[in-house]
Each structure stands twice: as structure tokens, then as C-alpha cells.
């Protein structure tokens, strides 16, 4: 088992995730643009957007309560905190226990819950519709995620991601069983739902027919909106990080010092890039599903996860 | 008299009692039924007398006398009087056909004989067929009450079944303590009195036979 | 001392009933009523102490043992409560015109004659005397049931007198047979005295005792309101004046039970305990089962309570059937508990009927707003009747259940509990509907009179007391009574 | 503290003090002769004192030596049974739970009752005071009972008192019906308990638990299991386990809100206490594991209750009914842990660590649910007493009018949705860990079943979050939909105080659960005779929760709620700074965006609309009742207005209870109709009875 990760490293990884979050979105957007034979914006565009928003003033609905201003703060905090639980550059448990996969899912759920509640604060149909749909999808996603986590955790005997990764070790590809393939398949099905992308959600529009997540952000503006967007970028990369930690923790090499860090960071970036690419591919090759088709779509993931579990336990 | 002869006499009387019972069941006229009850009481009085002579138990004489006077004479007279009081139709109105009643009667008699047959060793302790006859008469009296419409026929049936009990008491136990017998008879009289009053009151308030009232149900 | 008490005790109500005929004034009549009940109560307490001290007392054909004492105590307690209740109830009834002033004295006279016959029933040692007194109760109470004199009352009275008289004649037949069996063994002398028979009971001829017991069971069972001989009971209870209903359901049917218990002991000794237990079990279960549907669909409040009496008599008999010390103890305790609880229920029902001028539970609504205390007591009585702790009946039903489980009577237990649950639902449904909701404007809202409340509160206190504890002295009586039955 | 705990006299005096306070509270109802308000105040004060005393006693016992049992004989009330109190770790723990909520309820009660029903007469107030104190006292007594009779009597007393409270709140038909259903179900359950208890007492020949234990040792497997299922049936009725839950969502909302808090938060837990007491203590075999059917059944019904409870909660628009259904869900979660503990106990390898984790999860969730469900009911209560409306469709916009209530309700919502960093998450995390451990223990279908129930648990959590996003958002946010909501004002301070107390418990148990683990030592040791909870769960010190999923405890999973909370706080602070923007740009207020139209209330999303997608997703489990009234103007083609009401009916209620009820009443009607009041029939029956009896029994 690899050594423990000192708290400083954990925080460093967290900050790294927050900083890289928008980049992933940018990359995906760029890839989509290229796949659609467009020039597209630069991969740094999300950063510009966020910074611009931070500089702007706030327009707030007159029906909102004081809670409304807290929403972006808490959401961002929860999401970033979730980021602290993903091993990025090195495997092994943190030196001082922080949280495990369940905690990570919990924090993401907290962020989602607060977003949804906040969306109802202003009143008006858009927020409500977004919140309602978001909170419809979430409960369907969570059990599947849980089963995927289970299917790997049962083997490792732990749900702590660093330890899980360490348990898989470097030779993960040889260690893969059928369960892992199925679990990964389930994860791929879930990814769009977790990151709010086609075919479950469409991050680019505010059309009430398509939107889930964006609808909830409608009433936010200025720095608040910036926080929310930063949060959703972070959420995306955290989810990708979770997948990589669960299934192919390559590059979580046990090399001390700066080299190890760089190696790890490089490996991590590579994995994220791969996942981002397939997200982009999926998004530009599929159409968004009708909302009430989504449960069936997630059903596929559920079946995969169930089989994964069965293979692991039986 | 030797106990055998007594026993045979009692058995014969029992047979006659059953016969009168059948008459009561088969009676189409209320007056016939009343007469049969009177005859029944008479037979019981005779039985009492026979046993008294046999056992020399003076109490039995008294009982026989009381039975004769009250049940063979007074009560029948009262019943006749009531019949005249409320000039009801004199026919007995059955709830179920006479034939069915008779069939049931047969079943009852068979059952009671079967029952006392199972007693075995006790039979000699008990004089002859007195027990089965007593049981059947008692039940048949109730049967009459259950299958006849008017209140009067029900009273008749009641007296008949009382007769059955009396007969059993005499024949089986050579007579109960006198005081008890007297008390029993007094109670019977009182009951008859109250019933008569009730019958008459209903007749006076609503022109109906009390046994036909069926408003209280459920 | 005790011997004198034994003949004074039946004398008190007899004299009172004669005394009643001397005046017409309602106040004086009520005063005599309450006074004589109090005297009876006091004398019984003295007698109870005597018995506790010096064992059973005998005086000729009259005898008091602890078994009889249990019933006697119930009798005097209820009589006292009824007398107190009657004061206020009667005033109201006279005002409304339900009771004719000129006929009050005959009413009181009959009530006390009724009480006297019941006292004799309880104290009788001679089975013949027992029978005579039982028939006496029938005659007196029949007149009381038909007292109002309208058609329904007379119908009920007729049904009552006919059915119970037949039943009792069966009882007489059984008595005769037992006497016959006894004479075989001990000759004529004293062959009708229960205590004498009990001495030789094991030697009696089982076959004839068997038939005799069945006759007694069915005969006195009819009087006790056991199904399927129960049909007279709801009619009588619903038609009689409320105090009389209370006496009928509270004590009369219990007296018949006492008779059954006496014969049961003989039968148990002669044929072995299994035989009477079997018979009792069947009749008990039948009663509980038969009562259930009628309780559910009932609309007349007093008929409802009547059917409840059937159920609870069934439970008592069930306890006797389960047998053993526990079952018998529970059964005897249940006799007392049910008597007291049912009295409260009838009293409260009487108040409600007076307020709404109807026995129809669809009309009685919002009683809590009309007569809060009576309504609360009605709820309390109903919950107790339904077997809710911490009220008295829960304890006795607990004992009965213990006995049943102890004897592995699983099927009987299952049926009993199922029916109990259904009945609970039915009763609570009815009572809840009466207590809550908006009362009709016609309902009288005057303040509640003190005397009915006093009568109810005394008994309600007893309900709660016996729900939380069994006083040692009373427990002693029950224990000894149980020994008498179980041997 | 420790030497206080060691001092038995002190503890017993404390217990007596508690009883005395409750008794005094019950008696104080007599003050109602003078003034109802006075009676309310004094009665609740007494209850508060009693609860405090209970708190002290239970904590004292829990901090003392885990193996110890305090016993105190009671006066001899019944000749056939020795009554006694015996308080071991388990009893003390549940006493703690009771007292925790009781404190809040007692603080909250008087103001609520005055505000909610100002027209109540002194009689009703007196009744409520008596019932409340008796209720609390009986619940405490149930948990401390040392013999079957005391248990049953106080159990019934508990039922009765709560029934009085339910029907006393409002005297309209609805409460009476709810109370009726409640009583009938409770009575049925009690019947099962009676049989279970008496079967034991008849074997033991005595009523006290020690004798029952001794008697249970000799039981054969079948009897043991039968008895357990009888008891389980009885307790499950009280606990509101699906499908025995139908009374719960009717009775709990009907009671006054602080009583609802007690019923949902505490009374159900008393039933859990009963289950644990029977399974691990009274009926447990001497040395073998529990029969496997027990645990699996409990696990199954627990999972079912969790999912179905939350699914039905999702479709409720009555705030208090919604909360009541959530109680069904949470009882299910508790039972999942308990069932797992039953399965694992004495079945795993060294140490029996996992059973301890499972039981700890169950017990911790017990207190957690008591805290946040109590908090939520109190919150709903303050909304109710300010608006007199329970239907959330008619509320809205309350966050600006009653900020304290809103904030505390949100706290409770986050906690009950099992979201970090609050207490709900902790117990569900432990449950998950236990499930994971179980899944890796049992290979084959058993393990898969456990894993599936973990998935269902995740589903439950997600649905709960959805449900409370709806409940909180629709009730407190947006515009007020009716004048009731428009006029609402903040609840009086005493009520807020009660809520703050429970909110503090939620936060404390969420942020620093490690410190609470010591309180769980006594119950876990008392039940499992294994390692202490704190030794297993907080092996790395109170700041860290860890579970050794393997017997050796190596590569354990460890989390630190405290650290996460701190991290969240720090990040929130940073984010707050960011949120204020790089330059102090002004904040402008503008109407909500509704595509340019002037926004009105009718734009707001309703609860129905919010829950509709999930209703369609899970349509198979819902039974809809719809009625549409269309007012047409003369010709049917011109529709003036359409009035639509829809309600989601409970499947169990529709399918089971209504059928049973209908068949029974139909049967009774049929029988009743048979009776022709003809006397000949009467006589015939009499004769027939004799005839048959003679045939049956006459011949020996």
C-alpha cells in the first residue's frame, strides 16, 4: 500500500481541481466545436466568463429572501470540499482522514440540494421547473452511483478513494475483471447525468424544454452566477476524478517528491482529457433525450451496475 | 306392590304421557291441546299416587294432589278462560307444517332414548323408561312452543314441558323434597299469571297476539 | 352473628319492597331506596369480614362462601350505585313523562323484590331453592322490562319470560338429574344441598351428571345470555328502564353464571374437569363470535351494550373453560369488572338518551359538548369494555388469556383475539361517533345532575383502581373462591 | 460526571424526581379550575423538569459502567406479578432519546397550544396537560420496565395518552377518525404483544424479564421464531412499518405539533426499543446466532418501509402528513441497521465488529431522527399556528416573514436528507459501511440482497432530498399564495427556543459525532456483549469515525465529520469574499424573470408540479384519486371554469385495509339482516342448542 497523503497535498490537489475545472469545460466545448466543424471559442473561454461575471454587479429578484445570496457561496463551498476527497496525483489515504466516496457523493448532493432550493426562492416557473427536473434525475442517479462504488469497494473493503486507488495498484489493467468493465460502462452512462450534459441535459441553452441545471441558475447574476458556474465546472472535474480513481488509477504512482507530483498530475490530466473527449463525442453525436425517456436511459446504467455487483459478489 | 309392577305401571304411564304429548303436537284446535295437557297432568298425578302407594312416601300424595288440583284443573281452566277472553280464532296456527313438527318430534324421542341407552349401569337405578320419556316430553313441549304461532299454544307447550320435568322428578328420584316441589309449582303459577297479564295487556293495547310481535330485531 | 346476617340479608330488600308500597312521594321513595341499598351494602361488608375470618357460613338452605361472596359484593355495590343514579334519573324521567308518578312505588317495590330474589339466588345452597329464586328473578324482572307498558316493552318482556322460563325449566331438569344421582349415593336427605353434594361428588354417576350438566348449561346459559340462547337479551336490555338494564346486565346474568359454576364444580368432580371445560369453551367462543357482527352493525346504543354483555359473558365462560386457578380467577375477576364497567356504560348511555331523547346512535352526536363528564366516562367505560389498559377489564382478560395460553388453546385464543380486535374497532367507532362532532340543536345542554354523576364516578374510580391494582383483601376472597371452584 | 454516574442512589433519586415531575405535571391540570393558561404553563414546566431529570439520569447511566443494570422493585400491585424497574444501557439510551425531544416539546408546547387553539376551554387544556405528562411518563416507563406487566401497562398508557392528545387537538370528525384508526391498529398490535409476552410468562411462571430470559433459553427454534414474529408484528404496528403504517400519516398530523414531534420522534422509537429488547435480549439464544429469518425479515421490511415511505411522502401536500410519511422512511432506515445487526451478530469472524457498527448505526439514527424529525414537526407547527394552514400549496414566501423558523426548518431538511455535514449523514454513512461489510461477508445472493438494500437506501436519500427541496422551497420561498401566508409573523420566542434546542442537537451530532459514541457503549455492550461502540467506531479518537470492515480492522474506511465541516466553513468564508465581487458593484432588485410578463403568484411552481415528474416515474406505486368539476355555461362547449383536485392514495390502504374493512362490515350487515325478531326463532335456537349439545357431549 502506498504512503499516506499529507494534508498539504490534499489541499493542493483540491486547489488544482478547482483551477483545472473550467479548463475541462473549455476543452470539451472546443472539441465539440471542432467536431461540428466550427472554430469555437478558445479553451480558456470559461475563465474569461467567470472573471467577467465576478466583475459585474448583481440583479436580484425582489421576491427573494436573504438565503438567496448564500446559495452560491454554500454550493461552491460544498463542491470544492468534495474536490478535496479525490486523489489526484497520488494514491493512499490522506494523512488525516477527511472523507470517502460516500462523503463525496454527499457533498455533491448537498450542493445540488441547495441549488434546487435556491432556485425556488425567486418564485417564477423557470427555477421551479429546473429544480423539479434536477431533483427528479438525482435520486435515480444516486443508487446507480452507489452500486458502482459498491462494486469496487467490496473488493477493496473500503470506500476511501485514495485507499481504493492504492488497492488497485499500478497494474490496474491486468486486474480488471468483468465487474470492472460493467461498472465502468455504468459510469459512462451516468457521466452525462452527473455533469449535466447531453443526452440528459443541455448545458448550452436556457430553453425550458431542455434545461435542467441551467434553469436553476436563471435568477443568479454577477458574482453569484460566477460562483455557481465555477461550482458546476468543479463538479464536472470532480466527477471525472471519481471515475478515474475508481477504475484506472494510473499515474497515482508512488514516487515521492516533485517528480511524482508532476507525473501524477500529468497522468491525471491525460485521463481527464480522455474522459472529456468521450463526453464531447457523446454530446455531439447524440440528441438530447425527452425528459421522461431519461429514466429508461439511466435504467441501462442500473442494469450494468447491478451486473457488476453480481459478478463481484456472487 | 312389587317394584316390578310399579316399574311396569310407570312405563305404561310414560307411554301414555308420550301419547298425550303427540296429541298436543297434532292438535288442530287450541282447546284440544289444552285438554291434552290436562290429561297429561292427570296421568302425572296418577303416577304420583302409584309411587306414593309403592314407597309409602306421604309427600308424594301431597304432590299428586297439588298436581291434580293445579295443573289438571286450575291452569287448564285459566287457559280456557283466556281463550274466551280474547276471542281469537280457535285453530292452532303452525309455523312449520304439522308433518315437519311430527318428524322433529320423532327425532327428539329417538335422541333421548339413545341418550339414556348410553347411560347403561344407571338404568336400573332409574325406574324404567322414565328418564327418556321425561327428556322427550320436556323437549317436545318446547318444540310445540317453537312451532306454534299463538301465545296460548306456547303456554300450553310450556306446561307440557313442565309436566315432563315433574314426571321425571317423581319417577327418577321418588319425589323431590316437598318444599321444593311446592315452590316449583308456585313459580309455575306465578309465571302463568304474568304471562296471562302480558297477553291480555298486549291484546288491549294493540290488537295483536303477543307472540306475533317481531319489532325488536338485529 | 353471621347466621343472623344470613337471614337478614335477603330480608332487607323484601321488607323494603313492601315498605315502598306505603308512599307515593318520589323523594321519600328515593330516600328509602338509597337507604336500604346502603344498609345492604354495609351488612354485606360485615358478612364479608365474618367469612374472611371464620370461613363459609351455613343456615339451613342458605349458605355463603367466598364464591357467593364475590357475586354478593358485586350485587350490593351495583345496587347502591343504581340507587344513587336513580335519584337524578328518576327526576328527569318524571319531568319528561317517561315514568308515571302514581306508578313509581310499584316500580321501586318490584326493583327491590328483584334484588331480593337475586340475593337468594346467590345465597342459596339448596339447588332447588336456587332454581326457585332464579325463576323469581325472571318473573319480577319480566314485569320491570315491560314496565313502560308500550308495545315494544311488552314484546321484550314476553320474549324474555318465555325464553328464560324454558331455559330455567331445562335448568330444573338438570337439577332433578343431579338430585337423582345424589340420591343414589346419599339417599334423599340433603341430596339437594350443593355443599352436601360436593362432599360426595366424585362418587356420583358420571353419565347422568353429564346429561344434567348439559341441561343446566343450556338452561341457565339462556338466562346468562350465552349464545345461541342469547336472543332475548338485547331486546330486554334495550327496552327496560336504564337502572333495570344495569341490574340485568350487571348482576342478573352473573347470578345465572354462579349457578352454572356451582354445577360445573359438581360435574368436574364427577366426570373429571375436562368435560365441563369442553362444554364451557364451546359456549364461550360461540358467544364471543356471535356477538361480534351485531356489535358492528348496531344502531341502538342499549342493544349495543346488550350485545357487549353477551361477548363478556362469553369471555367469563371462556375463562372457566380454560380452567385452572388462573382461568377461574380471571373469570371471577371478569365477572366483577364487567359488572362495574357495564354499569358505568349504561348510566352514561342513560344520560345520553335523556339528553337526545333517542337511543339511536346516529342521532347522538357531540356528547362531549353536551354532557362532557358523562361523555368522558362513556369513553372510559367503552375503552375498558374493549380491553384497554390501564382499566380493570384488561387485567381480567389478561388472566383469561394467560390461562388459555397456559393450556395451549391456540385456536380459541386466535378466535378470541381476532373477535376482540374487531369488537374494539366497532365499539370505539360507535362511541367516538357519539362523543365527537357537532351536537344537534335539539340536544339538552343543561348542567349534569349530581346524583347520576356520583353513581358513575364511584364505579369509574373502581374501574381505574382495579385496572392498576387488586386490593389484597379482595384478592383473598377471589383466591378462596377459586379454590372452591378448582378444588 | 463519572462518580455521579457511579452513584446509584443519586441516579435512582433522579429517576424518582423524573417520575415525580411528570406526576406533578399531570396533577397540575387541576389548576385548570382556576385558569387553563396557568395549567398549561405549570404542566409543561413540570414536563420540562421531568425531561431534564431524565436527561441527567440517562446520561449518568450511559457514562457509567456499560455492563451495569439498575433494578428497583415496585410496590406489589397485582398478586400474580412482581413489578420492577430495570434500567440497563439500552433503556437508558432510549430514555435519553425521549428526554431530548421532551425538553423541546415542553418548551414549545404552551405557546403553541395558546396560539393554535385560542378558543380551547380549560377542560380541553387540562386534558392536554394530563395526557402530555402521562404520555412522557409512560414512554419512559416502557423503556425502564423490568417486567412484562409494567411494560404492557405503560405501553397501553402511552397509546391511550397519545390517543387523547390526537383527538383533543380539534374536535372535528377527521381527528376522531384518525384516532379511531390509530387505536384499532395499536390494539391489534397489542394483542400480538400480549400473546408473545404471555407465552413467555407462562413458561417462566413469572413476569419479570430475568425469568423470561431464563425461560427463553429452553425454547425450541420454531417457538422462538414464532414468538419473535408475534412481537415483531406488534411492535412494527406501533413503529409504522409498511404495510402496517396506515394509521401513522393520519394520526401524527392530527395531534398538536409538539405532540406530533413526540409521536414521530420518540414513540416510534419505543417500538424499536421493543424489537431490540426482544431480539437481542429476551428471546436471544444462549450462545448461538439469532435465527437468520429474523434479521433478513427485518432488513427486508426496513428497506421496503424506507423506499415506500419516502415515495409517498413525496406526493403529500399537507406539510405534517409529509413529515409523518418520512417517519415511516426513517424507521425503515433504522430497521435496516437493526436487521443487519441481527444477521451479523455471532455470525462473523473475530471480534464481531460489524454487528456493532450496524447496531451503532441503527441506534445513532434513532437519536438523529428524533432530533431532526422533532425539529421539523416543531417548524411545521410554528407555520401552522401562524397561518392555520397545513396545505403547502396555500403557503409560500414565509422565509421573509418567519426567518428563524425557515432557517431551522432548512437545517432539519438538510439533516433528514442525509446530507453532510449534519447528523443524518453520519448514521446513514455508518449504515452504508455496515451494509458494505455485510455484502463483502456474505457472498452469493445474500450479499447481493444487502448491496441492493444499500442501493435502495441511496435512492431513499435522493428522494428525501427531492422531497424536502419541494417542502421547504414551496412552503417558505416564492410569493405568499394566500392571505394566510401573507399575514404570517415569526413564532414566539419560547417556540423558537424549542426548535433551537433540537437544531443544536442536529449540528452537534453532525459535526462531532465521535463524542456521542461513548453514549452508545452501554447499549451496544448490553445487547451484543461485544466490543464497545466507541472502541469500534472511534478507534482513531473522537474526531474520526472509522470502520474496520475486516475483522483485523486494517485498511479501514475513516472520515472526519469535524474536519469536513471545518473545511466547508473555511471554503464558505472564502467563497463569501469572492461572492461580494471584485469591485463593489451595486446590487439592484428586479422582478423575477417570467419572459417579460409581470410575475404573479400563479407563475410559481406548486408542490404538485414539483413532484409530478417523480410521480410519473414511479407511477406503478401510486394510486391516484382525481376529481374534475367543470362548470359549463349552458352549452357543454363553453367551459366557465374547471376545478381539479387530485390526491395520491396509499397503495396498502387501498388494496389491503379498505378491502378487509368492506368485507367485514358487509358480512356483519348480511348477518344482521338475517335476524327476524320472531320469538319462535328464539325458542328454536334454544331447543337446537340443547339438542346439539346433548348429541355432542351427552354421551361420554
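Chains here go by letter, A, B, C and D, matching the order in which they are written, and residues are numbered from 1 within each.
Operating definition for what follows: a residue touches a chain if its C-beta (ideal position, glycine included) is under 8 Å from a C-beta of that chain, and two chains touch if they have at least 3 such contacts.
As the structure is a prediction and not an experimental result, all values here were calculated from the model.
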Discussion item. Comparing chain centres built from Cα atoms against the global Cα centre, which chain wins on proximity?
Written reply: D
Discussion item. So using the touch definition from the top, which pair is joined by more C-beta contacts, C-D or B-D?
Written reply: C-D
Worksheet item: Taking each chain's centre as its mean C-alpha position, how far apart are subunit C and subunit D in Å?
Response: 44
Response to the item:
Cα centroid separation, subunit B vs subunit D, in Å, comes to 69
Fill in: Approximate Å spacing (C-alpha centroids) for the pair subunit A, subunit D
35
Practice prompt. Can you check how far apart subunit A and subunit B are, centre to centre, with Cα atoms defining each centre and the answer in Å?
Written response: 100
Worksheet, complete the sentence: Multi-chain contacts in subunit A, i.e. residues touching at least two other chains, fall at none
Fill in: Where subunit D touches two or more other chains at once, by residue number
672, 675, 677, 679, 683, 686, 690, 694, 698, 700
Worksheet item: For subunit C, what residues touch not just one other chain but two or more?
Response: 155, 158-159, 162, 166, 170, 207, 211, 235, 294, 297
Worksheet, complete the sentence: Which chains touch? The pairs are A-D, B-C, B-D, C-D
Response to the item:
In the complex, the residues of subunit B that touch subunit D are 95, 108, 111, 114-115, 118, 139, 142-143, 145-147, 149, 154, 211, 213-218
Response to the item:
In the complex, subunit C touches subunit B at residues 126, 128-129, 131-132, 135-136, 138-139, 142-143, 146, 149-152, 154-159, 161-162, 165-166, 169-170, 172-173, 176-177, 179-180, 183-184, 188, 192, 205, 207-208, 211, 234-235, 238-239, 294, 297-298, 303
Response to the item:
Touching subunit C in the complex, subunit D uses residues 77-80, 123, 152-153, 155-157, 159-160, 167, 171-173, 175-176, 179-180, 183-184, 187-188, 191, 194-195, 198-199, 201-202, 664-665, 667-669, 671-672, 675, 677, 679, 681-683, 685-686, 688-690, 693-694, 696-698, 700
Discussion item. Which stretch or stretches of subunit C touch subunit D in the complex?
Written reply: 155, 158-159, 162-163, 166-167, 170, 206-207, 210-211, 214-215, 217-219, 221-222, 228-229, 231-232, 235, 271, 275, 278-279, 282, 292-294, 296-297, 326, 366, 368-369, 372, 383, 386-390, 394-395, 398-399, 401-402, 405-406, 413, 417, 420-422, 424-425, 428-429, 432-433, 435-437, 468-470, 472, 475, 479
Fill in: Touch list for subunit D against partner subunit A, complex
396-397, 399-400, 403, 406-407, 410, 414, 417-420, 425, 429, 432-433, 436, 439-440, 443-445, 447-448, 451-452, 454-459, 461-463, 465-466, 468-470, 472-474, 476-479, 540, 544, 546, 549-550, 555-560, 563-564, 567-568, 571-572, 574-576, 578-583, 585-594, 599, 601, 603-605, 609-614, 616-617
